[in-house]
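Across the two complexes that follow, chain A remains constant while its partner is chain B and subsequently chain C.
Here is the complex of A and B:
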């Protein structure tokens, strides 16, 4: 199902720069190296990082599915943008305490705190003002990213900032990951995955019909917070491998892909997890053999390619199948019109007619007064 | 707390309930009781606070003042005996669930929520599934059980919601516009089903838009226009005179809300 690129990107770049023969040999060598990494033959550290990233992809697919179903896919984006402030501030704090080595757990904690602040602000705006949730997300997301850039520029005055590779955290890089970093990522991702599967049913109920879920006594607000925390956990886990800006796409793209192929929640979560895993597997392994290409963008590009192909060829909801259905129906309608013109009658084609009748008209209001309120209360 | 005996009995009793949005009153000083075993319509112009009343009753909206009792208890204590059906438009019908799965959400009891579907085995699981199936069958949706809800017509979606409420086996049904977007035949079938529930002792309170059917099909009516305009047997409460008062722009209720 995954769309695997035939050549690693870097080999194409090489081919453009050197003569044909050398590029051919280079390309063949790279392909071999890539195949070795893909099949987990790339050495201990590479394997640990690759497996950790795949776990991250599985977890992002599952958690992202529920975020999307809840209509909160953009919250992932806000969390990832907001985490930059926290990372930069955590680094400054660390440096002020006289430490020079970067500490991933501390950076993650900073990212988590600022991400939580962003989510809390968005929820508050959405609940207490008339602004739409998208407006709240867009405002908070860009404002906190601005704050993050300012904080980041402050870190450049501190020695050691380059070594800490803060820039790498924005776009993601597996090259600098130690196996301890990968283990931390794997633990976070697995925890988020486990919690999501355990809460599968309640999360579905709340996402489908919040009022009903509340009337049955489910703690709707707590579950909203839990879902945001799960999204945050995946974002923190992906901070290093995928990068804080791109991790949002890893949460959304596999879920959107899965929705195109499935009509029920459980299969959707499984397909999303598989799509996330596949993207992580392909992207991280390409990056392992071409160190100049960062893992984050490669992972996201793989996920986006899968989405694009699905968008075209998915059976029910795909663009192609919709176009074909429309053409068949139009042809049948033209035939009916032609037959009607020649005197014969033909019934509507039941096989090609859409099953759904769409939203039917609402009942008329049989009243006398011209009350035109903005909506029912 | 000492309760008057009638409040202790009524399936739904509102006492001086007021609700507002951002400083604008939506419902003002409403005191009312639903009669046990009756089919009651809540009628009123747009913005009269009909849906607000139901949402405040089940605690989805916090009232400015006043209280709601279910058989003399709070909603939290009476929850298992009350089924609430929201407006059809309040839900994303493209959500990836089947009709059967929606109805199973109604059949789920307290602890079932913690067990994912694939983890449930045995007697309880089979019973829920059968309950859900029979609720769908009752409303003529048996053949649509495994259909994604997005592929159902508006009337079928409304019936799925009612089937979910039936699966809750509640003593009080609160329905928000259950007949919106429903064809005449389906409306007839729904009324018959609700009538049978009432004859079995269930109390049904439905927000309703059509005055004619409100008079002819319902036992009682609550005529709202921000505050209570009239209550009682449907034909009397919805008299021409009362209706004119409720729907007039200068009704006392509208005046108070201005």
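Here is the complex of A and C:
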């Protein structure tokens, strides 16, 4: 493995720090290095990995939108937790065949197979037993992760094979990615994105009205499986950069962010893709200049920060706009109440007086204020 | 008495406690909430550890409880204001909290060896080895008792406390599990029962952190109860069976990983992972058996 040159994304930061640790730890130098990576000035390999991660973010946003509209956001969680068994078993098999190099495609194939098994058993349990789908997801994903930990501990006994990077698949690390790894990630992500866009109309129909879709002769079950496969493809693509424990969040957070900004599907997919790309861009580039910080958590925290900001300032559904609307309504109601009171002071019978006074008129307003009903798109 | 008696006790006690408390989560269809809590306590644990510099149970519990309360509030707020469906909100919050915990751990990774990412995944059973006395004379002498690791004793204590709490609060728990409004109308306090269960569950997750790690605690919190749910319809047997299955998975899993695996594979494998996988296999077996039994009446109904 040593003869294959690796150009870790972190090398840039190391280069920045070689002229002196004190200067390297200096905040200004770090910011400068970060700005250079952000503007794609961080060297060939860094750029390839960064662009691959951004593509991953785009396709996670698009696929995640449909997964969330369909109420299947947690399937990604199960797929990614279960993928550890497949990765470790594929690694053991590869080592048993006498291969010493780590083969990312083979690891991903193993991950995809075990992820598919997990989804199939969750579906089967939810359909054929009295357990709820949520319970099925929680049990299968955690137990299969346990099996993965067992298999991972068995890989430690294999000597000679290159098991570097196996542990990193759990929490994600762009630092150990080769440009071939990044290319594989980009291809998978682009394929998932292309399939989602090609199936845009049918996926929308199935997401919103399953019965209508079935009446139009759409193969609803097949499309469910296709959506699960697309989620799986994104999860596999994100295995290395984001890590299996966190990649589910990359499918949920951008889609949830987009829901706050729009109520229509096409804009939602676009906004989600943009949010995913932004989170991947920021997270991966910060990780590139701070080697001790893994990319996965940084990308997820960037996505969560985007969601939080959107939750506050989004025009229709944001907390801020809701509060302003509430205040406007309350003010209008108070004005109306005051007008009614001044216009009809003497003729009004005393029994109706409480209805038009200030305190009681503001009370009903609060019940029509936004965010009280569990409305959906 | 063997060197690894204490790890075995710790795994079994932790598995039984988690299965006992998890049975109420599964019964109220809140399995995902257990999943979310076990993930989201991580930043609380890390912050408590970084502030105090030790793994003392008290600060760790406070940190975990604060993190769990924060994520509970965040999930509620996101469902209400963001109008995101429940499972997506839960998924969003707990992965974010977990990411925060992992980031804090990794950023301080070089500084401490006591709390690292591996121990999040599979606990640190190897810290609990104890050179147990072999004769009564040694027990009376006392020096080996001083070396007794505290974690297994705490876990056994928590198991006893949880059992006592469940037995004492049984009428309340039963009423709340099936009909909370009715329970309230009879002057009982469903919220008190929920709060008590949540506190015990968080405590169990924190103490189990040493024994099985925070991710695999989820398997023990959900799998034995789900298996028991498939096998029985009555609440008393359900909870007992759940505890029994949890303890059995803990003990058998530990023995498999440390005794059987060396014979089969030439070396021991991760014990807590084996426990989790075993509890999942138990669930699959129970599902396979009961699914056939469930289908029979349906087909008879279809014939008529």
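Criterion: the second predicted complex is superposed on the first by the 292 of 377 C-alpha atoms of A that agree within 3 Å, B and C clash if a C-alpha of one lies under 4 Å from a C-alpha of the other, contacts with A are read in each partner's own complex, and residues count from 1 in each chain.
Rule of thumb we're sticking to: a contact is a pair of C-beta atoms (placed from the backbone, for glycine too) under 8 Å apart; a residue touches a chain by one contact, two chains touch by 3 or more.
Bear in mind that the values here come from a model prediction, so they are computed numbers and not experimental data.
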{"item": "Comparing the two partners chain B and chain C, which touches a greater set of residues in chain A", "value": "C"}
{"item": "Partner chain in contact with A:268 - chain B first, chain C second, else both or neither", "value": "first"}
{"item": "First, second, both or neither for A:202, with chain B first and chain C second", "value": "first"}
{"item": "Partner chain in contact with A:259 - chain B first, chain C second, else both or neither", "value": "both"}
{"item": "Which superposed partner A:211 touches (first chain B, second chain C, both, neither)", "value": "first"}
{"item": "Intersection of chain A interface sets (partners chain B, chain C)", "value": "71, 130, 259, 371, 374-376"}
{"item": "Chain A residues within the chain C interface of the complex", "value": "68, 71, 73-74, 77, 121, 124-125, 128-132, 134-135, 137-150, 152-154, 157, 170-171, 245-246, 248-249, 252-253, 255-256, 259-260, 292-294, 296-298, 300-301, 304, 307, 311, 317, 319, 322, 371, 374-376"}
{"item": "Residues of chain C defined as touching chain A within the complex", "value": "26, 29, 31-32, 34-35, 78-85, 87-89, 91-92, 95-96, 98-100, 102-103, 106-107, 109-110, 117, 121-122, 215-216, 218-219, 222-223, 226, 229-230, 257, 265-267, 269-270, 272-277, 279-281, 283-284, 287, 290-291, 294-295"}
{"item": "Chain A-touching residues of chain B, taken from the complex the two chains share", "value": "21-22, 26, 45-52, 55, 58-60, 76, 79, 82-87, 90-93, 95-98, 101-102, 105, 108, 110, 112-118, 148, 150-155, 164, 177, 179-183, 209-212, 243-244, 247-249"}
{"item": "Parts of chain A lying in touch with chain B, wherever the complex brings them together", "value": "69, 71, 130, 197-198, 200-202, 204-205, 207-209, 211-212, 214-218, 259, 262-266, 268, 355-357, 359-369, 371-377"}
